[in-house]
Amino acid sequence: MIAVMNNYSERNEFTSYEMMTIAASRMLKSDDVCFVGIGAPSAACNVARLSHAPDITLIYESGTIGTAPDILPLSIGDGELCDTALTTVSVPEMFRYWLQGGHVTIGFLGAAQIDKFGNINTTIIGDYHNPKIRLPGGGGAPEIASQAGQIFVTMKQSLRSMVPKIDFFTSYGHGNGYNDRQKLGIKTTGPTALITDLAIWKSHPETKEFIVTNLHPGVSKEDVQKNCGWEVTFGELVTTTPLPSAIELDVLRELHRRTNASHRRL
Amino acid sequence: MILFWQGLVKLAKFVSLQDAVLDVMTDGLCVALEGFTHLIPHASAHEIIRKGFKNLTLVRMTPDIIYDQMIGMGCASKLIFSYAGNPGVGLLRRLRDAVENQWPVPLEIEEHSHAAMANAYEAGAASMPCALFKGYLGAELRQVNPNIKMIFCPFTGEELAVVPSIRPDVSFIHAQKADRKGNVLIEGIIGVQKEAVLSAAKSVVTVEEIIEDFETHPNAVILPHWTIDYIAEVPGAAHPSYAQGYYARDNAAYKEWDTISANRELYLKWMAEHVMQQTPDVFAERVRFTNPQSK
Amino acid sequence: MIAVMNNYSERNEFTSYEMMTIAASRMLKSDDVCFVGIGAPSAACNVARLSHAPDITLIYESGTIGTAPDILPLSIGDGELCDTALTTVSVPEMFRYWLQGGHVTIGFLGAAQIDKFGNINTTIIGDYHNPKIRLPGGGGAPEIASQAGQIFVTMKQSLRSMVPKIDFFTSYGHGNGYNDRQKLGIKTTGPTALITDLAIWKSHPETKEFIVTNLHPGVSKEDVQKNCGWEVTFGELVTTTPLPSAIELDVLRELHRRTNASHRRL
Amino acid sequence: MILFWQGLVKLAKFVSLQDAVLDVMTDGLCVALEGFTHLIPHASAHEIIRKGFKNLTLVRMTPDIIYDQMIGMGCASKLIFSYAGNPGVGLLRRLRDAVENQWPVPLEIEEHSHAAMANAYEAGAASMPCALFKGYLGAELRQVNPNIKMIFCPFTGEELAVVPSIRPDVSFIHAQKADRKGNVLIEGIIGVQKEAVLSAAKSVVTVEEIIEDFETHPNAVILPHWTIDYIAEVPGAAHPSYAQGYYARDNAAYKEWDTISANRELYLKWMAEHVMQQTPDVFAERVRFTNPQSK
């Protein structure tokens, strides 16, 4: 727990997970059409919907379009998502008409490994044919990464997850930076923001490297570097991420309370 | 006499799940048990495990608990998939043990993205030999999976991905309802279940109930009786997955699987008790006390 | 009107159109899945459904599967078809999953021009780029002809419609006969029966030429030849088509009565 | 600053049909007015004719009365189609006059089969440059249409047909309902209307009515508001086509068109009276006394 004083919030304690999720939620706008990854992205997207972006369209790869769950789904296909959706389509239609069709403005992903150009690995640790750890694989991510208008990533920082060189290119970000992405024929913008438990990172417009633009309250530059496997570039003017508001914390905590109650065995 | 090609017309027969599995399965087949989180055919997977079929090629976008169970019991020699996790919980530990340690038998994998698998099922349902889509740009799976090729649009020159279509020997799905003629209704998250049935040489559908007539929407997702080989009424057959309108997802069971599957002995003991010594009838019991899922 | 005596029928008069439609309807069985062309094929298919083949599945290219109309649709997409269907799918799905997917046993077509090998023209009279008459075109027929298990054709005979050489190959039948069809890579059987207002024709198993197997009551071989542009081959044992039964005539006439009443301006 | 690619997200605006047509249309565009017998956007076609747009490339699987009307008034320089008839009645006489006699202006045609057009719309909705399918085997259209090519499956060697996808500048459709946010519900025979909207750069939807909330099936065919540019409430806009749940097809009017369109003078007189001197408001009158179509 990081203890802070805050004029705007009645809550003066929050976890780094809460800060990360709330900072991520603030990236989203009401007119976004967001393809939601499970876990931290799903929490961030639903906090946005329940606070400052009430009209945001959330899409899950299970086929649910315009969904508005009261609890966080454990999987990308919980019944809650369908119950509250505008409509539910088949999975082939989801990937052909909706993602590939170019209707998604934001793809919101997590990652097991990421590098400083936003390339993501969720496939394997070690060699593909002789793996140390077999991870779940890409799922929807390879095409979300190339077909959604832009990509936000949210994940906890660690030396294991933020690495100089990922073991496998599951989902392409900016390659080695600059115009690598366009050279491959990819027309979308790619990763533009990384929201961790310590900081907010934005892609540099030219080099495409992630650069720290905000430190979360109570976090130092050293904290960020200690938990990142590459040499971190900080922006010229690094500011402190605004504190979670009372509303944001209430929305997030209430969401988790309902979720936990629902997932408990009866 | 002229031999008429009769098309892929079937005659849906109502049988027990045990009889359906015995009739359609042999060792070495390519089998899909589909369900995208919703309507996962757990009862069918358990019946296949009990009958001891081996050397199967298992196809599924999201191999989760049931494929972890089948792989751990040594049913499979190959897996074609795009996301092998316990959704929202973590990794599939029996799958990892097979891939990393060849336990209990080696497992060959053919790995795709969801977009590729979804397109491949669509193409299979349309009797296509391959599926064409925009995909795999910059993705390293292209380097490790020889079944991912690139071709160029003959009109624009754009580079496009192409993968073989999926056409299983047998597909198993679970659905909410069948009518007395054998037509099957699927509602809610429909995934690739329709495609799994239409792309397969043979198909087995378990349903929550058999009713007189569907009362539904003109554009409802219905598989006509002449696309299905066998229908078995097995209430609760999707548990711990769910059936929209019948029972909710048992998320606690998904979380518990992470512990059960972490240890070979614990896993084998659990399988003996909860699968090998049971019949399809136990599924009705398992959902009796869950919250009904709102329609 | 052809006047006949008939032990089985209370009606002793029927038109050649009625004989054609009823003879065509008898080709269908309850376990067929039939892709229905509009006009005479539609009438034949619905007479079959309302008489001897109650469980036949009728599919119209508008997306209606398992339809059971009380009146004959004027178009292939009348509301009656959807109202009575098991389900209605999109047109892309109809052509990809249901026709191309190989689920149709019978494609039932009409034709503007046909030759003795069942090749059909519904596109153009004259040269394609400088037409004498611009016909509607192929619609669903080119792929029905190659993807339905077998093809039945029903049409009125005339020197204009049954020609030695069609002006345009809209839908491929048997080419120049024998194994021409297989040589093109087509795996389905192709045209097996032609039901006209004068006779029933079947494809010869080897040459694939249409051969007259039945003459309708009161029709002579000369009548058939006079209304056909190629030299007609008659089977070794040409029999007379059984008369329309009272039930068949009642069903057909009642269908037309309801149809005409419905299409009249109110 | 980073310029973000925002995707094809729109903001459905409720306007009059006149304003929508003026905003999206210019001479020379590629335009689709879709509807497979059901929900044909007659009111939109009439508005385009009244505004006098020319040199349009008209796309439609089944150009029937509305395209006959537009072609006869000289709106089109090219037609892409797969079946050009008055369904169940006969030929399209204004289209024939344009193709056979260049009246009132020459009309280039690009002709396909239904399977090809349906696949091409599907591919357009999926942002593909081309559509791959099994088709045109033995069909002579391959010889006269250079936009039909054959390629070989890279896995099996099977010969497959490929055609360019359809991606109109503007698509017009008619639907039953919009809600207040601008989401659109289509029920019954849905044809290629969803694909027509998703494949087009801009889209205009006329609806029978605007309501608070849809009460329908979880898998209903709904176009979200961010896929549509303009929505105009025009009751009866499909007449003499029909709107399932609102009014039946006016089959008598289709039969009458055969007589009206047979003669240039009669046709022009009819168009002057029934189209040029009217507004979209007349459509409500035209369906007032038809039988309601059962839902």
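Letters A, B, C and D mark the chains as written, and numbering starts fresh at 1 in each.
One rule holds for everything that comes next: contacts are C-beta pairs under 8 Å (C-beta built on N, C-alpha and C of every residue); 3 or more make two chains touch, one makes a residue touch a chain.
Here the structure is a predicted model, which is why all the values come from computation and not from measurement.
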Interchain contact steps from subunit B to subunit D (minimum; 1 if touching): 1
Of B-C and C-D, pair with higher C-beta contact tally: C-D
Maximum centroid distance from subunit A, chain identifier (CA atoms): C
Where subunit C and subunit D are represented by their mean Cα positions, the distance between them in whole Å: 29
Subunit A and subunit D: spacing of chain centres that average the CA atoms, whole Å: 40
Between subunit A and subunit C, centroid-to-centroid distance (C-alpha), Å: 58
Contacts with 2+ other chains: residues of subunit C: 82-83, 88-89, 96, 100
Junction residues of subunit D - those touching two or more other chains: 122, 126-128, 133-134, 158, 188, 190, 194-195, 218-221, 244
Full enumeration of touching chain pairs: A-B, A-D, B-C, B-D, C-D
Residue numbers on subunit B that touch subunit A, as the complex places them: 36-38, 61-62, 81-85, 87-89, 91-92, 95-96, 99-100, 111, 113-115, 118-119, 121-122, 133-141, 144, 158-159, 188-192, 194-195, 221, 242, 244, 248-255, 289-291, 293-294
Interface residues, subunit B side, partner subunit D - complex: 126-130, 132-134, 147, 149, 151, 153-156, 158, 160, 162, 164, 187-188, 190, 216-221, 244
Subunit B-facing residues of subunit C, complex: 31-33, 57, 65-66, 82-83, 85-89, 96-97, 100-105, 148-150, 187-189, 192, 203, 205
Subunit D residues within the subunit A interface of the complex: 1-9, 11, 122, 125-128, 183, 194-195, 198, 218-222, 224, 226-227
Complex contacts: residues of subunit C adjacent to subunit D: 38-39, 61-64, 73-79, 81-83, 88-92, 94-96, 99-100, 123, 128-129, 131-143, 145-147, 168-172, 175, 181, 184-186, 262-266
